[in-house]
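Since the structure comes first, as structure tokens, the remarks are kept for the end.
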Amino acid sequence: MGRTHIWAKCAALGLAVACLGAPTKARAGQASDDRMVLEGVPGHAGGRLVVALRSEPKTLNPVLAVDEPSREVIRCLSADLIHINRASLKTEPALAKSWNVSRDGRQYTLQLRRGLRFSDGAPFDADDVVFSFQVYLDEKIDSTQRDLLVVGGKPITVVKVDQYTVRFEMAQPYAAAGRLFDGVAILPRHLLEASYKGGGFSEAWNLSMAANQFAGLGPFRLKEYVPGQQVTLERNPYYWKADRAGNPLPYLGEVMFLFVPSEDAQVIRFQAGDTDALSRFSSENFAVLQKQQGTKGYHLDDLGPGLEYNFLFFNLNDLGAKNLPEIAKKQSWFQDLRFRQAVSAAIDRDGIVRLVYGGRATAIWDQVTPGNKLWVDDKIAHPKRSVERARELLQSAGYSWKNGALVDPRGKAVEFSILTSASNAQRTKIATIIQDDLSQLGITVQVVPLDFHAMVDRLQSSYNYEAAVMGLVSGDADPTSEMNVWLSNGETHLWHPNQAKPATPWESEMDGLMEKQLVTLDYAKRKQLYDRVQEIVAEELPVICLVSPNILVGAANRVGNFRPAILVPYALWNIDQLYVQ
Amino acid sequence: MTRYLTRRLAHAALLLLAVSVFSFALLQLAPGDFFAPLKLNPQISARTVEGLRAQYGLDRPWPVRYGHWLRGVFHGDLGPSFAYNSPVAPLLAVRARNTLLLTGTAMLWAWLIAIPLGIVSAVRRGKWSDRAGGVVTSALLTIPDLVLFLAILLLAVRSGWFPTGGMVSTAFGELSGRGRAMDIAYHLFLPALALAIATLPALVRHIRSAMIEVLQAPFIRAARAHGISEYRVLLRYALPVAANPLISLFGFSVATMLSASLLVEVILSWPGIGPLLLEAILAKDVYVVLGTVMLSSVFLVLGNLVADLLLFAVDPRIRMES
Amino acid sequence: MKVESNLNSGRTEPLLRVTGLSQQFVQRRTLSRSKFTVNAFSDVDLALFAGRTLALVGESGAGKSSLARCVALLDQPTAGKIELEGRDLLALGRKALIPIHGQIQMIFQDPTSAMNPSRSAGEIIAEPLVVQGEGTKAQRRERALHLMEQVGLDPRSEGKRPFEFSGGQRQRLAIARGLALGPRVLIFDEVLSNLDALNQSLILRLLADLQRSHSLAYLHVSHDLRLVSEFADDVALMCEGRIVEQQDARKLFESPKHSYTRDLLATVQSVDSILLERSA
Amino acid sequence: MRDCWARPVGDCLETLLAVKNLNVAYRSADGSTQVAVENASCEIGAGEVLGLMGESGCGKTSIALALLGLLGAEQAQVSGSIQFRGKELLTMGEREMREIRGSGISMVFQEPGIALNPVMRVREQVAEVIHAHKQMSWEKCQEEAQSALVRVGLPDTPRIFSAYPHQLSGGQRQRVTLAQALACEPALVIADEPTAAVDARSQQELLRLLQQLQREMGIAILMISHSAEVQARLADRLMVMERGRIVEQGRFEELYRRPSHPCTRAMLRAPMAADDAEELDFATVT
Amino acid sequence: MTHRQKLVGALVLLAAFQFLILFAGFFAPYGFAAQDREQPFAAPTTVHFWDTQGHFHLRPFIVDSESSEARVYPVRFFVSGTPYKIAGIIPAQVHLFGVEQPGRIFLMGSDAYGRDQFSRFLFGGQSSMLAGLIAALLSVSIGILVGGIAGYYGGWVDELLMRGGELFLALPWLYLLFAVRAALPLHISQWEVFLLLVSVMGLIGWARPARLIRGVVLSAKQRNFVVAARGFGASDAYLLRRHVLPQTYGVLLTQMTLLIPQYVLAEVTLTFLGLGVGEPLPSWGTQLASLQQFYVLSSYWWMFLPALLLIPLFLVFYAAADALQEIHKTVAL
């Protein structure tokens, strides 16, 4: 499962930064060559790139895919209207060659590229876009993307203006709307309309279908799927991008995804030269690979901290209705800010960085990692670990020690349990280190590894837990992708989700800040608002942020134009430009 | 004979039915379902998750779902995979084929190695070579399968002589028919070897003790007393008689083989039912788990049935009674 | 010194009377589940008298052992009656039958397998007493030692395990155990056939002594007509599950009625007659 | 030094087998040894039947196994001398020994039910013996085997030839083992209680057959049996064993008429003196 | 060597080993949870007798070359260190050996947290051996109950129980373990959780011993001395208790000695699934489980040491089982 718990998709809500919106005038003329030209070093055509996937893609249906392997493959097969450039983290034109935003920020008019064809040769136009959004928004389909496309409580409406123009309307101004289109793959109406209308859409485009049943606008198209082994993609001859020398993209003749079920096996196969690129692997394996970097034909990159943040949080839910008296009693500690501060002060973040990540991680004190350069707040304090300070804080809150064990003001010994996901070795290790750290405060901690489903059940339904170590990845650098986490009525407001009204003043303040940044168009103003959110997190410690692991990638030396990014998909985002020597 | 077969098959069907009921019930025990983790996705609303649940009928009580599933089974439908958005049966079919290829090969090797080894150590009972062999097989028994497989993997990685995973190389598509077979054999070698080594020690011990028992039988002494050469005594007299317990052992070893192959497949990335099962277990893709469990039960039942039929073919004493 | 007696005369009441006893086995073949029935024996009438030995003779597979086991109440017959002094034993419940077991005891062909190898001789002999809950531990031991002496075993070897005794000694051990509960009927199942000639005669002597002193009724199963001629008062000949001839021993040997009996008798030759034949 | 007194009077047979001071001691699992045969000496002339009697467990079978070299070094210690046709068997190599087994000295086992391979057709079991000693094709061996089976009085039908042992009666099975033993026309047959496992009628038939074959083929037999009647029918001379020692040997009739050892007397069921019996009861006999 | 001698030898070795484990606190230089965050994955410390000049020292010493200047720490015996409890009761703090702070002696290297593997191995034995014993006992006792009943009464009872056994072998028990772990309250200690999970495994594992015991009982009840005892009027309970079940003891003991190592290894699987002993408690399972990670496997050879130490230990178990089996066989003859 690795770090995939973190559910945030690359296509996330975001605020189109106003400057990006500067609409390029649609080029007149019906030039069939409405191709997008990319800068960058031209490469060689042909060749095959082999990449490992942790598990098989479950479906190639962009509407239904929820798991990362499926999305990884779908990304190569499809295209979106407006794309977030992984290197710059800014939006850029894709199938939409340009777009206009109305004055009130509620209307987006997109000019589509002309003369584009799906990978089966069928032409692409506004009808495909309208159809795609119709499907995504259909309540009966249960697309997980639907929720993204609901702004201000109402679904976006899509109108075909002409064959190559579409207009989107939102219920309220929505600053990050440009980013919203990222990852929303445009579907071929000619292939999918029948199954959609016929009610068989939930089975459409699963992998048991013949390759010619699929088509997309991405750089590649499906060639062959061998269950349990691999899926092979071939170059899409109708792809709509070219390099600056005018060569059609992509360069690669084929992309092969091998199914390699474990991280270790992936590392081994990369080391053996079976695969050409590698991402999402542990720092320990990074170290193993590094030792042989010189002799084998690959190179490794440590891109520094990504967008993942790992944290410890306590159960602050209102347990009135649940029959959990034991936990309810302990909540008097958890609700005490000084207690949380003491815990935060006692945790050896550097120790975690060193022992769990071999140094390839960064200690953090709030949710925005140093990797998110646009939004990180430099003013957040980074206090060193101090057991003394922790003791002072506890003493001031009325705690004392008896035979070395911490007791609360009522004389009850302080002990609690930390849930972790049994399948995530790193987080279990973090919890173990916290356990040891807190034992120095006289706190007895039990680490309870549960299988992930059971853990989610406790966090989200039964609230039968005391504390937990979790991690989240922002799918996008933009704070909008985190709305659900910081809004008090959010479902991922982990420590106390789905609040009817904010339980604490600071949560109420956060709600205000998050909602305001959503409709603010100016980056600087939004940054100010989000900085305040970060400060609240650092001060009130609803989650005690601990560490952000670095993004580690590797690629065979023969892969050209390899420019990994800290945003998913770390290594292959520019697969249309990759080539092999 | 046919009567016997139908009875056996009826028993097997009953067993499979029981396995399915209990498995289904067990699968409901652990909290959380396939869609639970989606709740943690900041972008997916609870309503959507409920919609997905309803779509797959997860909101209904399990006996109802079981009935539905069972009805499907009789029409060749093993239920849907949540993760794959597709029926389970075709998912399983290909992987079952690969698993059979792997376990079949490993089984063949294990028996081909174990039979001579077991015989030799039974004949040389108590001699140093037997004792040394005993220590080696016991030592192999004590090594956890997991560590053994990883060590083999390490060997492959360090030496570079063998592929480190997968069933075919990336250039498989360009190969000729013969080249393809060679390629599969090349990839099959290490996982099959690992599996064979893992099952070998127990086999050798069993074969050894079965042979020792037969070699102590009076008719062996009688054969020797008639001046029949040791070689013929072993092959013509002892082995066919020892075959009887060994064939039963073969039936049992199918189960051992299957559970060991799960690990091998995961560690050496063999595209069999192992990785599928593990993934499905962790993701709570219940019908896939159920299908896999049923499949391995079927293998198990078939293994025993084949063993019985073999016994019937080999042992005239059994043959004559009916 | 054999008493002239006719089975049918009814001069004395028999101690144990068996009437119309039959047993059927339902068998299954290994690989086919079809059932078929086998008659172990059918419609058997026997009478055992105190102080007399009835020999049950027949070839292997004739059903002698099955019959003996049923009479010893070890197996359940399918039909018929077993009466001990007029009391129908088969009509008794499990509980009521327990003390009856003390009255009828059986000695097996292979004494080795009939004794728990991990017990000492003393324990083995005392076991029936333990089962029936008789006496204290000390009393039981005393009785065991007495019994050992009675059957010609050295009481000092009470602590030895069965495998430390020789075949003949083991059979004596088994007899001692059979006597422990003071039975009135003893059933011997081929107790002589695993022994050499010497031991055979010694055991026979022992049995005769015991019979005399305890006035026991013996049912002695054997396939060896020559031996039977040495000890039997009455002989019942069994062939394929049926009693073909039942007779006073002397009469039977002198003038067998049934052809089967004659055939069987023809095989019995004394050493002298063989030597005579050879030299001729 | 030959025991001339034990030779049949007037018989001037060539000595086939001479056993001198044979000792057999079994090794048990705990390293100790258990003596089974002690200082046994005897001779068998060509065509002679020597009876061997003794109570069960007295070492009769051990002698038989020692003669055939079937007691492995790890199993038992065998010392002394066994000369067959003048050749020392105890020091003989395994290959040579194997050639003697079956064709020079062969053996009929006590229980044919377990001495025959349960999963091999009887014709093949006999053919195997022939195949081991004669340079013949397998087909020829099978034919020979059939005639060997017919010679021991089995009906000449394919049903018998291709039967498995469990399909035959006890007497028939014993005839198969007899056919095996006689297939290669050995000079000496060791018959270990050949009739103990069959019923009375078959027993007689078998003994008659054995007697007849012995005369026809001129083979010598070491007849091991505790039955006086069996010995009386075949044995020229008799040897009585007790607890691993040979206590008496001589012409059968002489021993029968005038047994000198109480054990012999008991074995042959000769009239016994009361004091002898008392003496035997506790001390000797078991 | 006779089987009895072999058995005695094996038992002596096992007893010695259990002694080491029982007094782990004394033999281990450190506590099982003591982390040294500066030294994760430290290689085993070399114990020297000769110094760089080639002089011999009776007192062994170690050299710490990690810090900037190499320091020498003599190995001291009967030093006082981390407090522990002898056999879980009597508090003590004397350790067999140790070095002065800040020196560290890692005879078997250190793990990812810089904990002494040797100490963890000894302490880990306590939980693993106990777990193996409990699970094996459970399996065997249910096995004897079910196998005994099935074998003794036969017929449909036998059929039912044995089919049940087959069923048990085929079911996906992993879910039960998941479920048990997930359903347990949070407050009970790791140790209890562990024992509970292991017990569940033991409870599930009855089918194989039951099958074996059934076989023994089946043949035992047909033996003549059982029939004979029935002839004295013995009840079923008496026969089972006095004659039939004692005959299964050999198989039972053999099964126990075989099952203990098997359950110790099964704990590795538990740990693999994250259901093993909770940190920081040690067990052999957790120690072996770290080998599952490729980087550990390929980079830190000393992490193999616990696995290597287990091989001779398990061999002793197997030897004991073999000897038991042989002895049982000869007794049964």
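The first chain written gets the first letter, and so on, giving A, B, C, D and E; residue counts start at 1 in each chain.
Note that in this section a contact is a pair of C-beta atoms (placed from the backbone, for glycine too) under 8 Å apart; a residue touches a chain by one contact, two chains touch by 3 or more.
Given the structure is predicted, the values throughout are model-derived calculations rather than measurements.
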Field: Top chain pair, ranked by how many C-beta pairs fall in contact
entry: A-B
Nearest-to-centre chain - CA centroid comparison: B
- line: Looking at Cα centroids only, farthest away from subunit C lies chain A
Task: Find the geometric centre of each of subunit A and subunit C from their Cα atoms only, then give the gap between the two centres in Å, rounded to an integer.
output: 89
Rounded Å distance between subunit C and subunit E, as computed from the means of their C-alpha atoms: 54
- request: Let me have the rounded angstrom distance from the C-alpha centre of subunit B over to the C-alpha centre of subunit E, please.
  value: 27
Statement: So subunit B residues touching two or more other chains come to 30-32, 153, 157
Message: Counting only residues that touch at least two other chains, what does the list for subunit A look like?
response: 265, 268, 423, 451, 454, 457
- prompt: Where in subunit C do residues touch two or more other chains at once?
  reply: none
- prompt: Touching subunit E in the complex: which residues of subunit C?
  reply: 69, 72-74, 97-102, 105-106, 108, 110, 113-118, 127-128, 131-132, 163, 177, 181
- line: So, in the complex, the side of subunit B touching subunit E is made of residues 11, 14-15, 18-19, 22-23, 26-27, 29-32, 135, 138-139, 141-144, 146-147, 150-151, 153-154, 157, 255, 281, 289, 293, 296-297, 300
- line: Within their complex, subunit A touches subunit E through residues 264-265, 267-268, 282, 284-285, 287-288, 291, 326-327, 348, 351, 354-355, 417, 421-423, 425, 428-429, 431-433, 435-436, 439, 446-451, 454, 457, 464-466
Subunit E residues touching subunit A - in the complex, by the definition given at the top: 33, 35, 37, 40, 112-114, 178, 181-182, 185-187, 189-190, 193, 273-275, 278-280, 292-296, 298-299
Query: What part of subunit D is in contact with subunit B in the complex they form?
result: 65, 68, 70, 74, 98-103, 106-107, 109, 111, 114-120, 128-129, 132-133, 164, 166-167, 177, 180-181, 184
